[in-house]
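Structures follow.
In what comes next, chain A is part of two complexes: it sits with chain B in the first one and with chain C in the second one.
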Partner chain A sequence: MNESSSPHRPLQADLPLAGEVKPQLELLGVTKRFGGVAAVDGVNLRVGKGEILGIIGPNGAGKTTLLNCISGVFRLDGGDIRWEGASIAGMAPHRVARLGIGRTFQIVRPFGSMTARENAAIGALFGSSDARKGPKEAFEIADQVLELVGLKAKAGRPVAALTIPDRKRLEVARAVATRPHLLLLDEVMAGLNNVEIDEALDMVRTVHATGVTVLLIEHVMRVIVGICDRAIVLESGRVLAEGEPEVVLRDERVIQAYLGERYAKRLRASGDEDGTN
Partner chain B sequence: MIATLDSNRRWRRAFLIVGGIIAAYALLAPLTSLDAAVSANVPLLADRLWFRIATYIAMFIVMATGWNIIGGITGYAAFGNVAFFGIGAYTTGMLIAKAKWPFLAALPFAPVVAALFAALVGLPLLRLRGHYFAVASLGVGVAVGELVQNIDYGGQPLFGGASGLFLPIDSIANRGLFFFYLMVAAAAISIAVTWWVLRSRFGYGLIAIRENEEAAAVLGVNTTAYKVAAFALAAALTGLAGGIFSQWNVFINQDNAFPIEYNVQMILMALLGGTGTVFGPAAGAILLQLLIQFLGGTLPISFDLPFVSETARPIVAQIILGLLLVGVVIFVPRGVIDFFGGRSRLSLSYLRRSLRETSL
Partner chain C sequence: MANFVQLVILGLLAGGVYVAVGVGFGLVWGVLNIVNLAHGGLVIVGGYITWQLFTALHLDPFLTLPVNAVALFVLGYALQRGVINRIIRAPLLFTFLLTFGLNLVIINILLLIFGSDFRSVTPTYSGQGLEFGSVVIPYVSLTSLGAALLLAAALAFILNRTRIGLAINAIAADRDAAQLVGIDLRHAYAVTFGLGAACAGVAGGLIAMIQAITPTAGEPYTLQAFVVVILGGLGRVSATVVGGLAFGLVEAFGQSIPGSGSVFANAIAFGLMVLVLVTRPQGLMGRLR
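Entry: the complex of A and B
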């Protein structure tokens, strides 16, 4: 694929990717087409261990498709995905999960007939390749994870009795219960109010603090700026910009992609007037 | 709330006692047909008809409980499970009739061959979802029956062809008693297997697949392997019932080894009793089979349908059965086990609530 088409910005010295550190996850020219449309078009991306990387972009930019490619839900039409140096392209979702890549779904997909605790236990039962766990140990892990995401008090409730924010927490809890090294979060903050976003941010920080790399898709800019070390912007399946969140969000191409050319021009004009920027 | 729980518990206890008495009667009554009992002037509680009906009920418990593993627990509505019954029957039948094996040596091959076949067709079939899987599995069910009847080898029908397959008549003493207890043992095995599945890692994986297959996969459930294993396990149990049936009935052909109506009946039994539960399909099998026999007029307690001639009776029986099942699906969606088991109580408000849930 066109390896050099999306040049990486020079990395900051204090970022985890600096120096000789090998990336934990590496995407090389990843392409996914639906019919004639390339939803993801030659994306190159490196995620370092312990990083919190945000992916933003307008609707239809290919963010969720990219996540589906990484987690094995979609087969690639081109390029390669490497996990700790080894290719995982074409691997079945359950094998990707057992390697230590957990994910959530944008539209929550709880196991409806189960309680919150049982939902989390599924992740604990199946999510890791280490010694086979029995249901008993899995429930212990489930309890710990539910406490971590703040659902401990509602562990015994059926999913139907959970609020939307709680179901989003459960979605994260289930993924965390697989004990991932990398967690892919697909818009876990969407649809939450400000207080709930703060709680969700705390939750992500808590999970990250246990040593988990986080790659999150988000529309809420506050989240990107608030916790991400780095952000990449996708547009029409390509990487438009990459770098520190504050810098990326001020990038004119990004503003244009989100808000349209006219708005970008006006913003530039007003920026020139008062001499900033 | 507490009062409801108490009354539910009382209801459950009453059901367990009544159910236990009936089960004990059903399991012990056959003993009165033994020579020793007859000579001791114990009244005969189980005649030939009794054995026939009771063995059929046990057979349907096996099939409905087996179907429950793929259809109820895994959520894949298999409509062709009768294929496994027939394959089990023909496997045992061929080994006995052509290879001259003794029955008990031939029987273990019925579940094994049925399970292998299920794994083979399951690999492509279980990629389909919802209606597509249901229709494709129905196709397999029909096709296997046709194949068995029509395959020739060296100019001769390989499996007995249209005239069926006759098994040598066994010399088992107390035949009726023997096959009844054998079928009951198969029923007990199928219920025990379900009980184990629902408590195991395997079972949690199957339920996760039923509730959301993509989510199960990204949490590490090997969905393909699990679905195929569930299908094979269901097939093994159904095949076991078929294997017992072949020697019990001595004669098998396409009509009695691959009856299309069994496909529907085993599903309805599981639905009536409660899918995804341990005892639901068994309860449904007992109730529905008794009802079928009652409407068919084979039970000692018979009845006359007003305005219905004797020839129209089977049709009217079918209509009554159909209406009843529509009612069950709408009003008792979680099956009768829901209130037999004491989780809910059968009341007008229960029926109203169910109607609201199912008419969404």
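Entry: the complex of A and C
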């Protein structure tokens, strides 16, 4: 899977990279402003092929905005985004999708007038241009993908008849059906109960096992710790911390950003009493 | 009784034209959310192409219909790609103004080329028909109905079975999500408008065989298309077919009322539309969302 045969030259030496992997996706000083507010402010990020990277951060930290920058929904106000070494900044969303960058929406957005199978087929019919398919094959791919996410039995149902967890599965199915090399998941676990989260985790692992790089936004820490190789923390549009999930989540600045300064102090005090941690 | 049968037949036959006029209008409205005020103008462009080919090359008018479809598709694609796409996310009023303006441009170009004389297409078989006792079925109207149903079937096939058709359905459902699975929005929009224009072109060819046309003759057809689409229900080709045929029937019976006549055609049409909007807002065949 890896393409590490070519010599890897670090562009930003201070950024750690999981393994000696050539970055598949690289963000260089990515900035997006709305009026005077910088929702994403000079974010540097490298994602290696085959990685599962988690993005966490408090509400309004710019997580979804960052995904919108990558998928071409927003034009950048500064910086550059490189895919397999070539700049994709300013590219139209459908072109980014055809390069093999699939995504889901935080609030699910299925094609409401269609069945689950048709939704997935639309993804297969368009999507990655290096594996373009005709309608017949697209429906075959749709069936495979629906089986992968556990929706096979409900393939023929209209979207309106699906439960919320099932709609989230469908959202992932449609993105996976585009045969992405990189999958951007925007809070696919939000609003699910524990059992459903376990199922969703299995689903992400299964998709990842087919060779897909995964970049996911999540508030559920169990998910971040459970499947991510690496996590970055965004706060006010900047990268606050980056590293192994367990380490990042114990970072005092991260706790402060999430829970406030006083809580962080109290936690530090209690940690001192314990003598460890 | 024979009179009643005759009215039903004439109504359904006239409905064929309304089906043809309505399907393209309904497609553009349903997918692009544009109430295309230039639809009647495009219909008449189709009428003039048929007239020109019939007069200059003596082609059978029904054989000109595919030419109309192709020519108007190209025109429609170019209009959407070059002009209408620029305001696709603007409020509805802007698309009203733009398509109203386009209609004026189309009419005036037609006036420059063809003048304001009435033109009609009269093949040798026009005026003839099948006769069953006192009931007459005119050949031209019968073939027109067949052509209109064929047009609707072709459009339904494109929308439900082909790659671009599925893309059009997807953008109608959620344009942003469609874009993020790799659908080229501008192209899909342009194809949608092109298909709508192609249907208008075919409708124009059918109309040229039934009535004399002038460059300004298109306006009633924009209104009728609007009524037909509301009558049937927005969003499905089959609904527009029902709407068109129902409209034809209502018009035929309305005009047969003593003292009525064609003067009241618009009043009847809009009265019916208001009635449907009040009693069944989703249309005769529409589904509530």
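Definition applied: the second predicted complex is superposed on the first by the 255 of 277 C-alpha atoms of A that agree within 3 Å, B and C clash if a C-alpha of one lies under 4 Å from a C-alpha of the other, contacts with A are read in each partner's own complex, and residues count from 1 in each chain.
The rule is short, and it goes like this: contacts are C-beta pairs under 8 Å (C-beta built on N, C-alpha and C of every residue); 3 or more make two chains touch, one makes a residue touch a chain.
Computed from a predicted model, the values in this text were never measured in an experiment.
Q: In the superposed model built on chain A, check whether chain B and chain C fit or clash.
A: clash
Q: Classify the contacts of A:126 with the two partner chains as first (chain B alone), second (chain C alone), both, or neither.
A: both
Q: For A:134, decide between first (touching chain B), second (touching chain C), both and neither.
A: Both partners.
Q: One more residue to check, A:94. First (chain B), second (chain C), both or neither?
A: So A:94 meets both chain B and chain C here.
Q: Where does A:210 make contact in the superposed view: on chain B (first), on chain C (second), on both, or on neither?
A: Neither partner.
Q: According to the stated criteria, A:194 is in contact with first (chain B), second (chain C), both, or neither; which is it?
A: A:194 sits against neither chain B nor chain C.
Q: Check whether A:112 is in contact with chain B, with chain C, with both or with neither, and answer first, second, both or neither.
A: both
Q: Report, in rising order, the residues of chain A that make contact with chain B in one complex and with chain C in the other.
A: 71, 73, 92-94, 97-98, 102-103, 105, 109-114, 118, 121-123, 125-128, 134-135, 174-175, 177-178
Q: In the complex of these two chains, what residues of chain B are touching chain A?
A: For chain B paired with chain A, touching residues are 199-201, 204-205, 207-208, 210-212, 214-224, 276.
Q: For a test of understanding, state which residues of chain A touch chain B in their complex under the given definition.
A: Per the touch definition, chain A meets chain B at residues 71-73, 92-94, 96-98, 102-103, 105, 109-114, 118, 121-123, 125-128, 132-135, 138, 174-175, 177-178.
Q: Taking the touch rule as given, give the residues of chain A at its contact with chain C in the complex, in rising order.
A: That would be residues 71, 73, 92-94, 97-98, 102-103, 105, 109-114, 118, 121-123, 125-129, 134-135, 174-175, 177-178 of chain A.
Q: Please name which positions on chain C make contact with chain A in the complex.
A: Residues 161-163, 166-167, 169-170, 172-174, 176-185, 235, 289.
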